[in-house]
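Here come two complexes built around chain A, the first alongside chain B, the second alongside chain C.
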Partner chain A sequence: MPAVVKGWRLLLTPTLSRHLGLALVAFILLLLLSSQIGAYDDYTLAAVAIFVIATAGLNLLTGVNGQLSLGHGALMAVGAYSTSLLLRGHDLPLILVLLLSLAGASLVGAVFGVAAARLRGPYLAGATLALAVGLPQIATRYSHVFGGEEGLTVPPPAAPSWLGADFPPERWMAWIAIAVALVTLVLLGNLLQSSVGRSFKAVRDHEAAAALAGINVARTQVVAFVVSSACAGLAGSLFAYWSGLTAPAGFGVALSLQLISAIVIGGLGSLSGAVWGSIVLVFVPNFTSGMASSLNLPSSVGNNLPLLIYGAVLVVAMLVVPYGIDGGLRRLLALARARWAGAATNHKGVVDWDDPAGS
Partner chain B sequence: MQRFVVLTLNGLTEGSIYAAMALALVMIWRATRVVNFAQGAMAMFTTYLALFSLERGAPYWLAFVIALLCGFVLGAVVERVLVRPVESAPPLNVVILTLGLLLVLEALAPMLFGGQIRSFPSAFSIVGIRLGSLQVPFSSFDLFTLVSVLVLMALLLLLFQRTDLGLRMRAAAFNAEVSRLLGIRVGRMLTLGWALASLVGALAGLLIAPSLLLYPTYMDQVLVFGFTGAILGGLDSPPGAVIGGLSMGFALSYVGGYFGSDLETVGALVILIAVLMVRPRGLLAWRAQRVV
Partner chain C sequence: MNIQINHMTSAMSRIAIGCALALLAACGESGGTTNTASAPGITTSEIKIGSTQPLTGPAAPGYSEIAPAANAYFQYVNAHGGIFGRKITYEYLDDGYNPTTTSSVTRKLVLQDKVFAVFNALGTPTHLAVVDYLNSEKVPDLFVASGCNCWNDPSTHPYTFGWQPDYTIEGKILGQYIQQNLAGKKVGYFYQNDEFGLDGVKGLDQQISSVASRQNYVPTNTNVAPQIAALQASGAQVVVSFSIPAFTALALLTAAKLHYNPVWVVSNVGSDVPTLTGLLTKFSSGAAGGQLLTGMVTDAYLPLVTDASNPWITLFKKIHDQYIQSLPWDGNVLYGMGAAYAFVQAIKAAGRNPTRAGIVHTLETTKLTGGPGLAPYGYGSNNHLGYLGVQVATIGADGNATTVGPVYTSSDSGSINQYSGTPATPPSNGIPS
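What follows is the complex of A and B.
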């Protein structure tokens, strides 16, 4: 049975086994963590996992392939509305709903990706921004289908009976989101290590050189857009389950801008950057709104303090850590290694960002 | 037919605002290769400063000038303090930086001036002009809006095409290194470019405030439509910005009038994509090839 043997060999390749091992360890640790914390924290954990899916996909498009998208919130909306419509009057299994929502967002992403492949830099930014502004309006226009401003409700995913009757639904939601996020990260990680991933980077770094090397630039850009949209659709679908409501207000321009700011703060072009960015995206507003309400400020100040701090974090982060949290950590690590190896002369604080370890 | 005239005049007034916004974005893009997403928020802030002066008893025109001057200073400060240090960072960083500035300004405004929706006075009547027995849906203030945007554009054109300073600014934006060798203070020119652009933005904020009413996010949609207008015309072309902004005004007015206002932005999206498919660098792109 050569096919099976080949499959086993594939599993034993260092990249795949390393990614699978890491994901498994992370999964077990996160399940343990989730069992120790309260319902609200489980809910927050699920939010982080959902944003990891969306930002990892966006980082593949913007960080790895170099296509700036300011409209990924709209693609999340496609996934969320697919889920809400599928679940209206039907009781479909979760995995089927996730896959169909993913397919719906991929389809929209493919159409838009073909258009986007002709556009560069700010022109692509403008077109995707228009997508983020325009698409939610369709939901209000065709309110008999999409529920208008009030939106559509989504039943929460039911925990299986073997977990016990009093198993908190927030924890089950967190488990689902964590599992999907880790599967997404493993798949994206492998994609980035493959020839497809290398062609993404080649197109980003030098289009003409990539074309000379035999890469079909336009096709590569469309593929990146579709993969990225699939992630956004998956995240949107889980977001619908998580929030229990899909309404246009949840998918405005603000969401798209939050996603792009998350990957720049976390670190462009790496999956760990997406994870860092999602943590910042969820925890900084949580932390600051808690702080603002405990300070007894006048309401006009207290209500706007979280926004002010988030904006200031964006500004300061760009001035202090231009390569994001991931870049900053790698730099620290590389400096530490250089010092320990006594080979500081080699680096002198100059770090090759693609290979900071200098290996 | 009458409806068409109404929609056209409406589109012309709104389009002139979008044109001013687009022009501000294009000036900054040409000077520093930055799309300034905080442009609208900066204009919002200076309009609040105008309202603040009005409430302290300043006459309208003094408040008007104060807002424009504050816009000028704010633009210079933002370029010098925030944008200059990230010049060498990856290009996306400055986009995020201006987004951060947008959030800071939109949070700061309600803290300082109160978050409730405020009305903003207009210098002239906002009732339609009477031509004999016919009332045209075009007010003296609409006329003032149109004229002041046109006058400002003419002044900028004079500055850039007819003065020594304008030539230096264009040179600094076109090729910083060569300009520096020729003795042009490039940094100073870029700061001036930001300051002037921010003044244009402040004017747009003042002119649209009476019809949109003043609240911390009132300039967001003006920024989005101004940006789409600039993209439509081509980010490297000031005349393109004006044409793009005006087209945006007409397009939104017609789509809103004939298909319902909730399809306005979808219509704008469709038009933008359609134009970009034919001309990926905007209507007035003069450089055919991309820089590789």
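What follows is the complex of A and C.
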């Protein structure tokens, strides 16, 4: 009986109920949106949701805990290859595959996290970069297991029959990805509000002070690495379902750098920053991909234009909103609040970065 | 009937007479003389096709010219009346030779841009990522820009057709050349470690009994020094290379650095002289160049780019000069135009109002003849192979290729036969009738 009471009380704590409520509203809105758009837009929406999972996890590690990882693409590869290998010749339920892939990436993350906790700054960046460069090569070295350069194909998740025969598989994929992304965001949101989340920030801001306050710095860093790897593994698993293929070229250094650039553009240290970053990560290349053939430019220019635009977006974003899109929006919000409140308060459009919502 | 005619305006009767004449003359099985939106990507005035190409990334050098070249030919056709009055719109997207990107941009072509067909999508590992998807969506997947024999599988992939000779056939004919002309020399292999290289090796192995060393590379790792050193250590005097241009250049430069000078026998896709010369100069910062290509053995299934007397070369060079002057005139441009010519042949043969299933049926039942190829196409109801053979060529000191011996044709397991057909000349307006 007391356990039940405690369970109810937990549900009523403001943090959890607020996050659950928000997630539920977002889920319903996104489902409605997904039903109104075309199959390719659903496919794109699924990509955004998948990258949200990966970047939210990376933002927890880099933005909240202060550990830079240039190797998250490789951790996604662990999740994706786990999924592909599990589905090779077996027809396992999606939820089981997701959980096992998550576990696989967490394990690799735990091993690597122990090493990472001893490294700082450029050494940590170098070590994680080695992970990004080295891990995908295993797939070509042991090509009889991992399928070499061509990789392994993954069957798309089958939509349940009650949705009808005409239900686009891309929409089902989007629904799955959105659901998993929202669950991940709720769990991470709660974690950040808990004592564990506070210790992440404490370690980031001042390791010695955190240690003096009784926080086990190394253990906190390993925990952050494991949680972050779990997110990467989950995203990798969904990525395998989404693209239908797991190949080493898909998980190169470029992916790891894209994830980092996404959280920097979106806003370091916040979950909404991860969402904004993922939107940029997916939509900018999507918008520019047809330019080579549709614009009448010399091919040496046209072929490289999408890359140029992506680079330009990065530079402009850093100049205009140095704290990322999320930071820019919060600053706007704070300025508006200051204007509204007038001179009566001393709000001057200053954002409290650890409690930016002002709650 | 009489009453109806009496009620017709003169314009209508003209249309009716025109219809009847056109039916007799050309319409054939397609029926109808007005354009209808007969399939996704086909409107009354447009045929929209798409492709995935390595415009950036490791396979971009050389290959990035193919799609603009094909597009130049389509623009030429559009400027001369199009196909039954329809203009071809060719939308090619960059996949960076990354199969994961191929997978997502192909979905963009099919789901968002709603192309009629995917045409000349480039690359073996890349296209393998989407061949199941395109067939499950029943999208014609025409003239894949890769010689993997995986495209010839009509029972599982009825919508997919190859175009260039498959690498196994090419390997067999190159292997035969080595047996006949370089007999007694030790042979080594250098190949891309995927279906592309492995298919080539399959063909070579049917002809060459003992191999001194087998070395492979993956396109994501540009260090080929260990492989070339191993070939040198094995004493191989002939090295057969199934490689993309960037890796042919890397292999040649690495060998030159090691003072290793075997006879290089390079698959057609990795042997374009202007592309290789550019890469050799760039990779060696000007220290080396085209001189490394002298004596290289390769093969061809289209007329040689340098053969100015060939009417196909005259035609395609003219289109090149008019539409894509900024690109070099090389084998990649010729390739793109040759494939585009085949597409125009196929879509015209499919009739005024083509459907997706219709163009597949046309390719399986109507022989495409009269194109630029040296060998015939293999298309039939049980065969989705393109060109069935090649002619061996050697590169001279001036960088020009010279063909050696006759054109040979073969199949993956059958014998090698000499082909005696005469080459076709292009139609006077340069557009297949």
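Everything that follows uses one rule, which is that the second predicted complex is superposed on the first by the 342 of 359 C-alpha atoms of A that agree within 3 Å, B and C clash if a C-alpha of one lies under 4 Å from a C-alpha of the other, contacts with A are read in each partner's own complex, and residues count from 1 in each chain.
Everything that follows uses one rule, which is that a contact is a pair of C-beta atoms (placed from the backbone, for glycine too) under 8 Å apart; a residue touches a chain by one contact, two chains touch by 3 or more.
This is a predicted model, so every value here is computed, not measured.
In the model built by aligning both structures on chain A, chain B clashes with chain C. In the overlay built on the shared chain, the residue A:A77 is in contact with neither chain B nor chain C.
By the touch criterion defined above, A:A312 lies against chain B but remains apart from chain C after alignment on the C-alpha atoms of chain A. Using the contact criterion defined above for the overlaid structures, shared-chain residue A:A247 touches chain C, although it does not reach chain B.
In the superposition on chain A, A:T140 makes contact with both chain B and chain C.
Of the two partner chains, chain C is the only one that A:G151 touches; chain B does not reach it. Counting residues of chain A touched by each partner, chain B versus chain C, the larger count belongs to B. Once chain A of one complex is fitted onto chain A of the other, the partner contacts of A:S293 are limited to chain C, with no touch recorded for chain B. After overlaying the two complexes on the shared chain, residue contacts for A:R118 are found with chain B alone; chain C is out of touch. In the superposed model, A:I265 lies in contact with chain B only, and not with chain C.
When the two complexes are overlaid on their common chain A, residue A:L60 makes contact with neither chain B nor chain C.
For chain C, the stretch among 77-85, 185-193, 203-211 or 275-283 that collides with chain B in the superposed model is 275-283. Residues 137, 140, 300, 303-304, 307 of chain A lie at the contact with chain B in one complex and at the contact with chain C in the other. Chain C contributes residues 55-56, 60, 64-65, 67-68, 71, 90-94, 97-101, 103-105, 107-108, 111-113, 124-125, 128-129, 132-133, 193-195, 218-221, 324, 326-327 to its touches with chain A in the complex. Every residue of chain B that touches chain A in the complex is listed here, in rising order: 29, 35, 82, 85-86, 89-97, 99-108, 110-111, 114-115, 220, 224, 227-228, 230-231, 235, 260, 262-266, 268-270, 272-273, 276-277, 280-282, 290, 292.
Chain A contributes residues 38-41, 43, 47, 136-137, 140, 143, 148-151, 153, 170, 243-245, 247-252, 286, 289-290, 292-294, 298-300, 302-304, 306-307 to its touches with chain C in the complex. On the side of chain A, the complex with chain B involves touching residues 62, 68, 115, 118-123, 125-127, 129-131, 133-135, 137-138, 140-141, 206-208, 253, 257, 260-261, 264-265, 268, 300-301, 303-305, 307-308, 310-315, 317-319, 322-323.
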